[in-house]
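Right, one structure below, let's go through it.
By written order: A, B, C and D. Residues from 1 in each chain.
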């Protein structure tokens, strides 16, 4: 593309806008990954990342994308032919299912309409029926990046417990970690999968498995082949701050900075900010007379908002107009909802005025593309942003 | 200050938002300023900067702020006791006058109300009366950063010529260079003063004197003492791409990148973009029911817009609210208009969505601070930004 | 560690000193990995990386360390229980073997003494005996990072062909790619494994599989489970410049710069430089009266030199002295040769004066640590570096 | 120049190798120079820079090169026609004299042979003869960058006091500040001139005036015209952490980091390191059978070493050979000693192995250029570097 003045608005639901401080942290000389300076760094990030997952258990850091951490969660705990119960929250749940099948696992999908989070009751019911305990794991996406619906993980845990079922609970938090409240320990999750390029404000290239004792125990009898992803090589090396193979050192510099920044803002403030931005975005969508894809208010995401296109116009043409005219990237509808929705990412290193600019770009794009809508979305969002304290805005959003 | 998520909105009328590409260009190892690599760089920037001033004559690059280039313009061409005619467009014209007086020059001010650009007729009249040619130089600020009024330099030249007066014409373009059309040669300016931290999108630390043959001739008989600023040491060294003393090498790396970027966008596109953003900003101000300080439409600036506060509330309290609540810096009213206006910078590396965010911050700030205004400013600005092609928007702005 | 002035000397055999230009390229905003700007980048790096492997066939780029690319080579081409013939050149060959075993492959090792490259005759002999073609792949490390011995890959190919054996040839070039001449197509390799953090001058976090048609064909019937590593998802996405999952965008920025830099220097010049530095280093070792681990001159590496400790003193204590006193990291002896050798990395973004400093640090370290040696190693290395043109030095090194 | 692998060796006596940490500190967004974040920065650097000059008095920070700070020292304290006594230590003392003359000052030079520091006795004698106190200031260069001779400032102070003369003492520390022990207060200096691009490890673009009460008093009656350099505008603004005109914000970020780094190492350690490197360099020169320009051991510089060329060969051809063959920049002989000497800078962010590489480059250059010399210089330098603890090496150097 030719030269575009000013900053690009990267409003896809990840990768997100990487703050200068993280980029600059990454822009230092690579060091010996077997030396004392690295060891100090390794200990710091391995300990720090636990605070983001809100866990006291080990968190594995992979030099890999989030997809790798999906694979790692499965191959470390399961054996060929094991049955995994998954929940169709949207495109990414479907991709995780497809991945499981490639790994010689059997999968079963609880169908969804892509407009709700997972239903704990449906999961509980299926588990209760599985008296033989054929199901070895339940996999749920916390924040479905393709739809903007959040699943109630604590309730899923309760449903599993109520069914008295021994299945492992695995949760994908790739687009919620560091932006939507998530509690690995308190909610009793066995493996949480995370990635670097969303709420953690890093470039892609790191991903995570947060573990439970039960998951570690399961890994001892797991028979799926594994080496790169193998926890049993990671854990002993990590104990000293090192890694069994060469880690992505410069991304770890960035992770170190990002963890520090999240704590400077305060995790609770981070979560409230995302909720507030979700509420302001939905106010804009409502003012435009458009519909948010996620229909259940309690499942609305603070990370992104998917908007249904009205009438006949395709969402991809709108996104192209906005990219060319206003230098803003929005997320596409994927698979089932391709061209039917566009997704506004409002997560990561983001603030009120960036959101106003973002919504302004959408509103002007709707106008230029001739999409049926009412004006006034930006004003409605500003009403939310300006009229409430952060705390009040948060409540309004609930 | 504590941690603030997202990007700061630096909407003072300079320093402006420095693009990543310029920052990264500056972030390289300093090199030998007497070696062949430097020579290639020196030749490139000394030649490139001429294209920005639209001149074929030499441009001096100082390792100094713009204030230094003001001083340089005077000490290279004038002698102790010389009379300089200056025009009171606002605070910076006043500062330049004060500086001239510290240098043992006599000054005379044509008074202004800070709400207009310079009046060529008044200048012509004064020069016509100066039959003894006591006035040695006429100094005008092209874009008065304290008010957002642009002076018609081509007309000032015509007025001088019409008066048949030999005075040198010196123009300050610190906040217009690289954002508002400016033609050193075509408009017959003798010394143009520029700085790095506005339309050139660089950090502060470089400033410029663009010369004419008449100015160079004048410098030969000038008797004000000078060394650091002396053109007669700069020009022969510059001829080979070098400098008489150590230059600010890393800022020159940035200048090299910035010149390239301005040409990638195209100077005409750069100017049109700034005009369009000025028009959109004024549409917002009008919708808020507020007044722009600059009252003459043909003097309206594409670099910044100064807004008069209505009622009793002070502008500085509003700016403080906006900084604390929305992490945006706006320009203060200076001297005569202190606390009575605030200034919105919309120059440099800037685009439509950044402007929407900026105006959104102002509108929400007005609301939170309880300043009397109508809502709808952002919508009005978007109307301008979305309804017109860039070319049409430009015409609308005229 | 407390503050150390000057630059750290990172003379382990990788990660290597990352040049500023690569770091700065990586230090840019992450972009939408589904958008047009990314597509242009993707096409550029996917095409450019082929030139480094000297292949016209596809090269897969993983967001992963080199260990991941080892795994990818095996899981894409083989099936559970397949037999792989590997050659014990040193520690990394042993690790690759261990990895294969974790993936449910059978392995057979041709033993080595860690002081030679692989012996093509031994490989040919073993394959000739395998008339049932039980062996599905032959795996050889090109430049064994733990010993500094280079294996003659072209001759291995000839031996396989002479045995008329259908096994795939897989080669690890992690520490030779971009530093020692390597020709994927000409030498008939089926899968070449590479990594980013050595001759490519990048931080760790990217790794590669260069393919052959035969390898792609084999992948169609391979039954090892795979998803993250699956070529069949990578190849169709790569055809358009995209990736099936989020790539490590910022590392790809760096790769783009690194490929450009290797071609600016010229691959032949890059290889000659490394050979010359190997020769100079061995001259220093000889002058010290010490022995190089690799005993076969034609197997000497241009990437690194492993030096045997004389007498009773341990190599690790020497390395510690050198790190603390001179801020230089050297490679440790691994496994069998732990504490018996130290390794000097002289690969990547490196030049004559950096090598002189490196060897000076070793020589002063030997002295301070009280290791039996002769002085004069640095002078001997300078003799090689100064007395010969680059071309002559290259011949001297052969 | 075409692509050169590895790091350039920037061994001129300034600008010096800028550490990554300083470059990265500078590579952040420019901020509002009137806002609270800047104020905190301003206070920190204005306070921190005093510790480097070892003064409790104000230090002025100019957005300008060192030449500007020379000018500032004079125009703030003197009046037209005042007589300044200067000491011809070398090229830079001569340039300062020429600058003074351009500013309408009278100058008198105590001649020197460019091979010694200033002689306090000669200064004292001249002042004693000036019973009318016509001399208003004594100007001495602490470390003469063109020769590598250090002048004994404390003794100059004593000589002035012994002569009971009221002249101001002004000292240029451009190439000694942050590398050679310098005590503004203890040694009773009135104006110390410094620059950013040497021991402070910054790019060029900042310079300094450290003041005394007597200097401030003198400024009140000084009649040389001034504005940009005027202390009376700087001091009140600085009192609140601000500047009277736009400061070079990003260079101040770097200064902030550099001050922190100097204190992390410890100023005494910094000084000892430079002395040690001077001693090692002179050991190499002696082993080569060449002569150091500075003949008085107690005047030997820790910042740089100037080496006399033997025989007929010119130093500039040698420097060119070294630049082309080994990518190292050395300092040229200036003016009187042009082509007769070359200067090795060993100041700033520098360590033992960088010095070994530097001296290796010189030794190989001498050999390739066919300059008469003995081999063994690097070995002699390593003897100094390795045989002594830092403390012992320091004593050996005295």
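Just so we're on the same page, a contact is a pair of C-beta atoms (placed from the backbone, for glycine too) under 8 Å apart; a residue touches a chain by one contact, two chains touch by 3 or more.
Note that the structure is a prediction, hence the values are computed from the model and not measured.
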> Can you name the chains that touch subunit C as well as subunit D?
Replying inline: A, B
> Taking shared residue numbers divided by all residue numbers at the interface, is the value for subunit A and subunit B over half (same) or under half (different)?
Replying inline: same
>> Nearest whole angstrom, what separates the Cα centre of subunit A from the Cα centre of subunit D?
In response: 54
> How many angstrom lie between the CA centroids of subunit A and subunit B, rounded to a whole number?
Replying inline: 45
> In whole angstrom, how far does the Cα centroid of subunit A sit from the Cα centroid of subunit C?
Replying inline: 35
>> Residues touching two or more other chains, restricted to subunit A: which are they?
In response: 7, 17, 24, 27-29
> Can you list the residues on subunit C that touch subunit D in the complex?
Replying inline: 2-7, 9, 17, 19, 27, 261, 264-265, 270, 273, 325-328, 349-358, 360-361, 363-364, 367-368, 375-376, 378-379, 382, 385-387
> In the complex of these two chains, what residues of subunit C are touching subunit B?
Replying inline: 20, 24, 27-29
> Residues of subunit D touching subunit B in their complex?
Replying inline: 1, 7-8, 10, 12, 14-18, 23-24, 26-37, 63-68, 71, 80, 99, 102-104, 195, 197, 203-205, 224-228, 230, 244-251, 323, 329, 332
